[in-house]
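Look at the two complexes coming up: chain A is in both, with chain B in one and chain C in the other.
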Partner chain A sequence: MMRNRARCPSGECSPASPPRGRLLAGNGYATTFLGALFVALAALLPARSADAVPSYARQTGLACEACHTAFPELTPYGRRFKLNGYTIDNLPQVSGISPTKQETLLLNQLPPLSFMFQTSYTGTKTALPDSVLPKSFAKNGQVLFPQQASLFYAGRIAPNLGAFVQMTYDGTDGEFGWDNTDIRFAKAINENLLLGLSLNNNPTVQDPWNSTPAWQVPFDQRSSVAPTPGAATMIDGGLVGAGVAGLTAYAYLYDSVYAELGGYRSAPAAAQIDSTSTNVVNGVAPYWRIAYEHQWGRHSWEIGAYGVVAKLYPGGGIALSGPANKYSDWALDSQYQYIGDDHIMSVTATYIDEKQSLDATYGAGASTNASDRLKTFRIGASYLYQRRYGAALGYFETTGSSDALLYPAGVPVVGFADGSPNSSGWTGELDWLPYENTKLALQYTKYSKFNGGSSNYDGSGRNASDNDTTYLLFWFNY
Partner chain B sequence: MGWTTGPTTMKRLIAIATAVLLVVATRDVPAQQAEHGVPELATGVCSACHGPQGHSISPVFPNLAGQQAGYIVLQLNAFRAHERGDPNARAYMWGMASQLSDATIKSLADYYAAQKPAPGESGDRALIAEGAKIYNQGVEANGVPACAACHGSDAQGKGAFPRLGGQHAEYLIAQLEGFQSGTRANAPIMDNVAHSMTHEQIRAAAAYAASR
Partner chain C sequence: MNARTALLAIALLAAGAPAARAAASDDATLKDDIKVLTELVRDLQRRVSVLEARTAARTPAPAATSAPSVIRPAPAAARDLAGTAQEAHPSAAPAAPIAAARPGATPDYVSPEAMLKASWNQVVAGMGKPAVSALLGSPSSTFHIDGRLVWYYNYPGAGRGSVFFTDAGQVSSYQSPFPGFGW
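Right after this comes the complex of A and B.
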């Protein structure tokens, strides 16, 4: 999943939002160039983090395998634990009651804390040119120690209230910051109906399936220093990059039907919202989600849809008033799991379709078209043997309207060919989990198309395949 | 600018969401009333694996509906004391049972014992027929006693002897294999029985018992 600051230091994740440089076009070419470069660089840093927390194991007394196939992918039971508000608890408690015997406190005697440490190696097929900018490109063969180190508070807060709160030191930018947060209230009305509320900072971080963007597996972890495609939809990293906070309400019926509705407002980290902010939500961006899960024997299959409608002021130097851009995202997702004693199989897929009405950006002369379209499709399959040895393969593709101003050419590595946001490729991974809470992953990503082209896509002679990435990750949770 | 209208929109959204939740919640009131007296643990926790009313979907987790109360009490005590240590018992039940009081164990056992058992599992007819012989007569050559002697003529169980009827065959096989390998070592009688059985006999007996 993407961290706000790491992925988008400028607060501007999707190049589908107006590049800052273009909005400041009056300041000359250099500003435009640097602005576009900065925006594109921002989109290059998809630091992802993890939902696999030993403090849940400590709190429940359940082994990791109860909730995860291989972390962070959830099992059917893990999904129920999450939907129940992270509250299932088997620890000695500090408790309080009122004279009328109402519970006023129920607190673990030990705090549900966990630590995560990731260290990684990244190599791209062809070394990246020196960017001259700090915190941007990596020289080839970059080791991050740590890539990320996180402290979690993950567990019950009160009888029906639980939390997943992550603070992360990011090795890419060398700073400690706020990461995924999901604080939820849940109540089982009876065995067939569960109701809940979630306060969170990333649309889909609250979702129990691993087919939606925040926790999509496989390849939930990728290099945070290798180039990655520049165009992404709002639901797929754009909003979390801009910084949002949301409240959603959900119902889970008959252990199979899930419905959720809520809204997100802008809440960028360490920033006051004014015209220097970027992609500021106008009012509330409604988020919706519906899913159906069928379980039979050791199999489960989910199919669902989700979406968000976000009216965003591009900001970045222009007042937060007047016309706004409107991004309408709807998406389909599906997840299949087979969980045997020795063999575990998963397939996840999502298709996202975003309609962009760029009233503000087009009005400011920063997009070629008044409206654009951006679509993303991802599918991945993974196999795990005895919860110890794993392999995964997946395909990804983003396509959309060509827009020469939105997807500018002429920037080494991050520029676009013909104003096209199209990218596609394959990722493969081998995993070894010596213990349930440790993972060693070797991943290779092969691009057939990158930012609109296969060869010389950036106009500086770089081919899509030059960005093919070898990534080695050591990941410890304790 | 729209920014100032935000809170109103948010309020509307919350109001709509609350209304939706209330409508959904009130629709289920009869079911809720019917379950009055159900231990909250069964509804909120156990059902995540063992299913509503103890009818589980995955064969990893046993059906508890109609299980003998005495057997449930014995097993929960064994989990709590770490005396039953097969892989899934460790992974799930050691934690789950660790804080249960004797009274809670008793109420959970009574609740599940009172639920309607799952119907018998269908399976390979030839295998079930072979299993019927083992279940009712044992295997004299191997010294395997008749299952029916303890588990009842219809696999309904009695007291400390569990109901096997309507159980997942795969779960029963895993238990017999656990007794054989020693990972589940909290039933000395079954240790002896399982050690005398071949894999084929285990499959057949489990298929028959599950079909009852």
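Right after this comes the complex of A and C.
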């Protein structure tokens, strides 16, 4: 899920989530630790949440497998359903017809509500340092009950208008807040052309494929307490971490060609946006997306590109005027699916290249370089047998320019070696879905490199492999 | 009219009055009979509903034969499934909404919704088409979603449900039409 905007006012958060706690805490540190703010945003990697909710099945009368292989991965039909504005309805409805026979109201008698619950266990190979006592360790093996609990409104609002709205209680920070939201208007112009609008709060949350960051599978769920690499691109969690809202328009032609264009503005949960905010969008950050999908028999294959250009004021104590940083992200993605009766296979991949022009940060002396580069590559393959037993394997890698100020050393667990943002590793997962709405997942993440190094990457003796994570998740939707 | 004609008319009326009285009496008797028979039929319907529900509850799913003959699905809304091939099922017959078939409630009364729900509850993965058809009747429409055969059931006023089949013609999953807060 994307609701990882937690603040840690006391500044005493666990090192397991240092970017959200320590690095976002205390505006007084702002100038000195400006570089660390970017690390914080990078570390706001979303623990992505479900896009599969039972209210859709109740609404359409269609079984879950119409739209999902295993939640939250969409099938080709599920993608069309999403692009159609979540508006294939089923519930008895109260309808108002105008004198011109136009539908002016179409209310579900039963609101399309759903509930999601996750509980998890996380263990790292080596316990994390105690947040207060030096040379002491925190308890290893943390249970989150819940990790997340969400309430969804997911379904039709009115003719041609539908929504996916999620509110989440986050067990990591103990807060209830607004989460992924995608409100759509869609209209079929003819049999071959669909046009739509999406109002959303997370770039790529509106995307119908599961190869883009918001819903990328496999491993759409990860531990929210284990250490995660500290550098990420803006489109891969940075923007949503800062809080944005956007409107995009899209066209879908011949069930194959997809094009989308829109923009995002800052929309953090705050009374006002001022110098206490961080990474405030200057104007509008344009977002674009193109994709082509070919479906033949039980196979489908998509290839596409997407990107965002965001001019951001770093904030954090710096006035929201003058020079701004510019992040130009472009990305490639691809997804292959085979959906058989017994066997289902998926492969997703994305490559993101971000060019950073750090006028504001460099001018404030918080980065070594005036411009940097950050690249991310992820690929994952999953197999599902009879929609009940699954396995997945994936590789991830982030590389970029070394910048000693932007990626500072000397902070236990979250520090960087040699100012390098490089991280890489493998993730494997076993899944059991006893019911269509219930999943038990056992996941293991192996780091070969973490925040720039393999051994003693943080200068405190911690190795990348010490962050290897065992994660057990129980997840159901109702 | 002369006197002879008037007398004849009076005589005829006098002669016909008993017959008219007899006819009125017959109508009333017939109405009473109809009322009694109607009550009898309703009572029998209630008893049959109870017995069918009990039978359905005891019968193992694949062998179930309690087709909801009273409640036939109506054709599905046409535009719902944009982009998928649709075809009307030849044997699908529209029927009155479920609510219209509801007789007066009695302690033993089992509503058509309950009967239908019981039928849907007997659908299980691996079941063949004939068994599904016996349980649920003919679908409102059939179509394919991403290559998978779907039987779609539309019950006006109640909701819609679907049954997905494998290539081998066995149920892979289904969605009951009852939109409560269950899966």
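For the reader, a short list of remarks on this structure follows.
In this section, the second predicted complex is superposed on the first by the 425 of 478 C-alpha atoms of A that agree within 3 Å, B and C clash if a C-alpha of one lies under 4 Å from a C-alpha of the other, contacts with A are read in each partner's own complex, and residues count from 1 in each chain.
Definition applied: a residue touches a chain if its C-beta (ideal position, glycine included) is under 8 Å from a C-beta of that chain, and two chains touch if they have at least 3 such contacts.
Computed from a prediction, not measured in an experiment: that's the story for all the values here.
When the two complexes are overlaid on their common chain A, residue A:193 makes contact with chain B while staying clear of chain C. Using the contact criterion defined above for the overlaid structures, shared-chain residue A:293 touches neither chain B nor chain C, since it reaches no partner.
Of the two partner chains placed around the shared chain by superposition, neither chain B nor chain C is touched by A:468.
When the two structures are aligned on the shared chain, A:110 is found in touch with chain C, with no touch to chain B. Legend: residue contacts after superposition of the two complexes on their common chain; A:54 is shown touching chain C, with no touch to chain B. By the touch criterion defined above, A:255 lies against chain B and chain C together after alignment on the C-alpha atoms of chain A.
Contacts of A:431 after superposition: neither chain B nor chain C is touched. By the touch criterion defined above, A:478 lies against chain C but remains apart from chain B after alignment on the C-alpha atoms of chain A. Contacts of A:359 after superposition: neither chain B nor chain C is touched.
Considering which of chain B and chain C touches more of chain A, the answer is B.
On chain A, the surface touched by chain B in one complex and the surface touched by chain C in the other have residues 60-63, 65-66, 76-77, 80, 84, 88, 90-92, 188, 191, 255, 295, 297-298, 339, 341 in common. If you check the complex, the residues on chain A that touch chain C are 54, 57-66, 75-77, 80, 84, 88-92, 110, 113, 188, 191, 255, 295, 297-298, 300, 339, 341-342, 387, 435-437, 478. Touching chain B in their complex are the following residues of chain A: 60-63, 65-66, 76-77, 80-81, 84, 88, 90-92, 188-193, 195, 247-249, 251, 253, 255, 259, 261-263, 265, 273, 280, 282-284, 286, 295-298, 311, 320-322, 324, 339, 341. Chain B makes touch with chain A in their complex at residues 1-3, 5-6, 9-10, 13-14, 16-18, 20-21, 24-25, 28, 31-32, 35, 38, 42-45, 47-49, 51-53, 57-60, 90-92, 94-99, 170, 174.
Within the complex formed with chain A, the chain C residues making contact are 80-84, 145-148, 150, 152-154, 157-164, 166-168, 172-175, 177, 179-181, 183.
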